[in-house]
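Data block below; observations after.
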Amino acid sequence: MEIRRILYMLRQPPYATGHAVEALESILVAGVFDQQVSVLFRDDGVWQLLKGQNGGALGVRTIGNVAQALPEYEVKDIYVCAESLAQRGLVVDDLVLTAKVLSQREQLTLISAQHAVVND
Amino acid sequence: MSSATDKEGYLTNLNDWSEPVAEEIARAEGIELSEAHWALIRLVRQFYAEFEVSPAMRPLVKRAREKLGPEKGNSLYLLKLFPGSPAKVLAKIAGLPRPTNCL
Amino acid sequence: MSTLHVINKANALPACLSVAGAHDALLLIEDGVYAGTTARSPQRPLYALAADVDARGLNERLGPSVTVISDAEFVQLAVDHQPIVSWR
Amino acid sequence: MIYGLARMIFGIAVHGAPYGSQASASALRFAEAAVAAGHSLHRVFFYHDGVNTANGLMVPPQDDPSPQQGWVTLAERHGIELAVCIAAALKRGLVNEEERNRYGLNAASLHPAFSIVGLGQLIDAIGSSDRFVTFAA
């Protein structure tokens, strides 16, 4: 298996479906398989990173906590869409982890450099 | 065993975990818990409390290196204390869910 | 190499367009084909998958900038582009 | 459109359930077209609700077939691995004989043409393919 550039693009909000947590689990595995993994949170996917979540209120895992495990699994290239944040009245200080904020043009560059893009 | 476990020895209800339960599970795995074991059990329980994920081998080694130093933060040391598959065995004894990331 | 964007919900098209490059190709499939009835001619190629267009009765309702393609042509688009990004 | 002679290795992921979405059916048509064009496909990875494609206890109406049979036929004919993510499968009640025994369940539900694999196999499918296509929910 070759080392590939793989981008996970997460666009779905947490909790209503199991997609967010399953997508994050998939990224954690990719991280320990020595691939060049990056993650882009955009559209409603940025809600996954909001501080102050409490999945326990629904009896489920807190997605923000799982997302914070990304750097522990060697996933260091974490990006968030500037416009998606702005549209939702969010700033980087509202997020549970340090992510690089990308413009649309920067996202285009990021996407076009990938071997594969996986969505949630 | 005083607490329900599945066929592989993972706790059915994670709230049943206690230190005596950990000792029971460990004994079933053929492990007598020493202070060295407990340091790692506390470490993975802390990891789970933070991230709600049972650590896979890589992040486990990384965590152990950061918190316990390089002589303990390596896979040989972990294998010696928790033979076979350290991430799985540790999760079992520490009362965490089976690591889904394995296999 | 340019990217192939595969859109399977009509309301995912704006998000896709916000990061699509000038030479990227856009393919509407499943409920994404409804976007082909209103999409204004973009700078880049816009395709729609024949089976999905046909099933929904949209053959006469797609805009002039939309090219209807077969499954085999979808495969060829995937060969000609990388990466392939799915939008829902 | 120009038809190139390039022969490629494709990887496919299916994320949506049959009947709940078109994902599995769309992916199947793509896979059939890819193979017909001379490309190869080693593994299809079923994830999220896509794992339900592998349910061996389905009874589809005669006039509304599940894509499952199409996958089974394609896989047998071309030696394609139909891989179901274990983590996603177990929680949705999709188990083979081995997992049925492990958890002491009443019945195995996985169609025998599908195999249960770890998430690492998704990474492997991406790493060993020229083109990777996800069919979203």
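As written, the chain order gives the labels A, B, C and D, with residue 1 at the start of each chain.
Definition applied: a contact is a pair of C-beta atoms (placed from the backbone, for glycine too) under 8 Å apart; a residue touches a chain by one contact, two chains touch by 3 or more.
The structure displayed is predicted, hence computed values, not measured ones.
By number of C-beta pairs in contact, A-D leads when B-D and A-D are compared.
Between the Cα centres of chain B and chain D there is a gap of 34 Å. The centroid of the Cα atoms in chain A and the matching centroid in chain C are 25 Å apart. One simple way to say how far apart two chains are is to compare their mean CA positions; for chain A and chain B this gives 27 Å. Among all residues of chain D, those that touch two or more other chains are 87, 118-120, 132, 134, 136-137. Across the assembly, chain A contributes residues 25, 29, 115-117, 119 that each touch 2 or more other chains. Within chain C, residues 82-84, 86-88 each touch two or more of the remaining chains.
An unclassified topology is adopted by the chain contact network, corresponding to no line, ring, star or complete arrangement.
Applying the touch definition to all chain combinations yields A-B, A-C, A-D, B-D, C-D. Looking at the complex, you find that chain D touches chain C at residues 1, 3-4, 6, 8, 10, 22-23, 26, 29-30, 32-34, 36-37, 39, 130-137.
Interface residues of chain C, counted against chain A in their complex, comprise 1-3, 15, 18-21, 24, 82-88. The residues of chain B lying in touch with chain A in their complex are 47, 50-53, 55-59, 62-63, 100-101. Chain A contributes residues 7, 9, 11, 42-43, 83, 104, 107-108, 111-112, 114-117, 119 to its touches with chain C in the complex. Within the complex formed with chain D, the residues of chain C that make contact are 6, 8, 29-30, 51-52, 69-80, 82-84, 86-88.
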